[in-house]
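Letters A, B, C and D mark the chains in the order given here, with residues in each chain numbered from 1 onward.
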Amino acid sequence: MEVTLLIEAMDSSFRLLEDAKNQAVDIMNSAVRLTSETRIIEEKKLANIFKGAQSRRAVLQNVMATFVILFGFWVVLSGKFDLFHLTLGFICSLVISMLTHNLLFANVRVGDIKLTIIRFVRYLPWLIYQIFVSNFYVAYLVLSPKMPINPQIIRFKTKLESDISWVVLANSITLTPGTITMDIKDGEFYVHALAKKVADDLNAGEMEDRVAHIFMEADHIYVQDVLDVSPIFGVLRKGI
Amino acid sequence: MNTFFLVIGIGLCVLVFFVLYRVVFGPGVFNRIAAISAIGTKTLVIILIMGIIYNRIDMFVDISMVYALLNFIGTLAAAKYLEIGGEK
Amino acid sequence: MIRKTDDIIIRTVARILVPFIQIYALYVIMHGHYSPGGGFQGGVILGASIILLLITHGLVETTKKISERAIAIFSSIGVFIYAGIGVLCLLLYGNFLDYSKLSVILNVTPAEARSMGILGVEIGVSFTVMAIMISIFISISTTEDHSKYDKEHY
Amino acid sequence: MNAVSIVIAIFVVLFTVGGLFFFTTSTIGLLRFPDFFTRLHATGKGDTLAVLFSLIGIGIYEGLSLTGFKILLIAVFMFLAQPTATHAISKAGMRCGLQPWKKEDNRK
């Protein structure tokens, strides 16, 4: 009798211990979970604050850059350097740079801006030469009595990515001989060409390569890149 | 020199009259818009030449710039309006 | 409802041009007493720049920058500035818009006071012209249903 | 009239007459070409170079000053705006279903 009582007592005590242990584990687990949750929340809050500061910093940078450009433009337009007009210009360019800070620098690509500008300036003489050729071509077509044109629409998919390079490519196509950009849908250019020869010239893709070279897009090796690197290579070889 | 610029200005005015044929008889709205845009471009140069003839080019250059701006915006607005009309 | 264009070329060119057009418009307004132009012309260019933004970026994105409520407020502020300067001259024993009487308040010579008074009036006029142009454009383009336009007229 | 001013006058005449010539060809193209898109070829290209030439001529006549810089500014603006306007009109025409002229059909 006493033995069974003893055994039961021991059983119940074991069960109690077991329950206590489970409860303790549960409490510990929930405590761990709670701390980790709070930590995540804290981290998220910190990250939000950090991101907000970062975006505010980006906005501030944009406003400053726009302000500098617009103030320079104002001084050039105004041509008066007394205090009254400079103050007016300061206020005006400040207001407009606050209003339009996300327009001028909407999606700037990360890259070497100085090199891009230098390459763009080097691209301009070629473009002006192309405009000359195109105008003489149109003049020849207009003044020849039979007017040998054979219009056709060609379409090609471009490999360029950013919007600025698209603008440069489309406007260059419009200005070069015998072609105008008609439409752009999902990265496909629809080009209206005046003759078969002109269309073949465009399909060869020289202009696209040049524009890609300016904005350093599309993984191609260009002659100009090799030429850019060659002086460095020459110096290295001399050192050896 | 003034006589030379006068001759150039008169030549441009004659060209504007030729373009006016496209504006009046051009088949469809689009030919008319293209012709009006071309007239605007010629007018811009005519205004500058008028400035040289009247010896007040510092004044006329502002007017010419405003003309170029409004010509561009007007063409874009007309193109946008017709494009919306074209989509069903 | 003015939709934004799906053409990336026109959108990019417009977004590069708009700040320069606006600073040019303010230049025309502020230099109205030396060169041609002034309040009305500058206001028209300012309104045209916002209209360029409207036809390229759509109504929603533009009203984030300058809401329709702000446009209504601008149009009344412009009239208030114009009439306020005129009445201020009346109160100083002058005629309506007699700027030289303002020299008592501004503490300058009458000639400079006249120049500043003209500048203030021009700013008022330009505010009103800009706001009225934009509100006319918005109310025209949002009420009519363009889809009913028939295709024969092209 | 010394030598420098004569050279300047020659350049002014050369550029301005070149501008007038390209304006003329673009106008004749606008009148002669058979359909809308080919006419845009004439106006879009011809007018850009013609305006550039005329503005360079007037800018040389005006000399190096604030006004000359503003004329240069107009030239840069036209260089950016004219192809964009051409593209906008041609896109609107294409979306509205204008058919481009082909060599086979003989309608004028």
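Note that in this section contacts are C-beta pairs under 8 Å (C-beta built on N, C-alpha and C of every residue); 3 or more make two chains touch, one makes a residue touch a chain.
All values derive from a computational prediction rather than experimental measurement.
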Quiz item: Which chain pair is joined by more contacting C-beta pairs, C-D or B-C?
Solution: B-C
Quiz item: Counting in whole Å, what is the centre-to-centre distance of chain B and chain C, each centre being its mean C-alpha position?
Solution: 24
Quiz prompt | Approximate Å spacing (C-alpha centroids) for the pair chain A, chain B | solution = 36
Self-check item: chain C and chain D, separation of their C-alpha mean positions in angstrom
Solution: 31
Quiz item: So how far apart, in whole Å, are chain B and chain D when each is placed at the average of its C-alpha atoms?
Solution: 11
Exercise. Going through chain B residue by residue, note those that touch at least 2 other chains and give them in order.
Key: 28, 30, 58, 62, 65, 69, 76, 80, 82-83, 85-87
Quiz prompt | Junction residues of chain D, two or more chains touched | solution = 26, 40, 66, 70, 80-81, 84, 87-88, 91, 93, 95-98
Quiz prompt | Shared interface positions of chain C, touching two or more other chains | solution = 7, 9-10, 13, 16, 24, 151, 154
Quiz item: Which two-chain combinations touch?
Solution: A-C, A-D, B-C, B-D, C-D
Quiz item: How about chain B: which of its residues touch chain C in the complex?
Solution: 28-30, 58-59, 62-63, 65-66, 69-70, 73, 76-77, 80-88
Self-check item: List of chain D residues in touch with chain A within their complex
Solution: 21-22, 25-26, 28-29, 32-33, 35, 37-38, 40-42, 44-46, 48-49, 66, 69-70, 80, 83-84, 86-87, 90-91, 94-95, 100-103
Self-check item: Of chain C, residues touching chain D in the complex
Solution: 7, 9-10, 13, 16-17, 151, 154
Quiz item: Within the complex, which stretch of chain D touches chain B?
Solution: 9, 12-13, 16-17, 19-20, 23-24, 26-27, 30-31, 36, 39-40, 43, 47, 50-51, 54-55, 58, 61-62, 66-67, 70-71, 73-74, 77-78, 81-82, 84-85, 88-89, 91-93, 95-98
Quiz item: Which bits of chain D are touching chain C when the two form their complex?
Solution: 80-81, 84, 87-88, 91, 93, 96-98
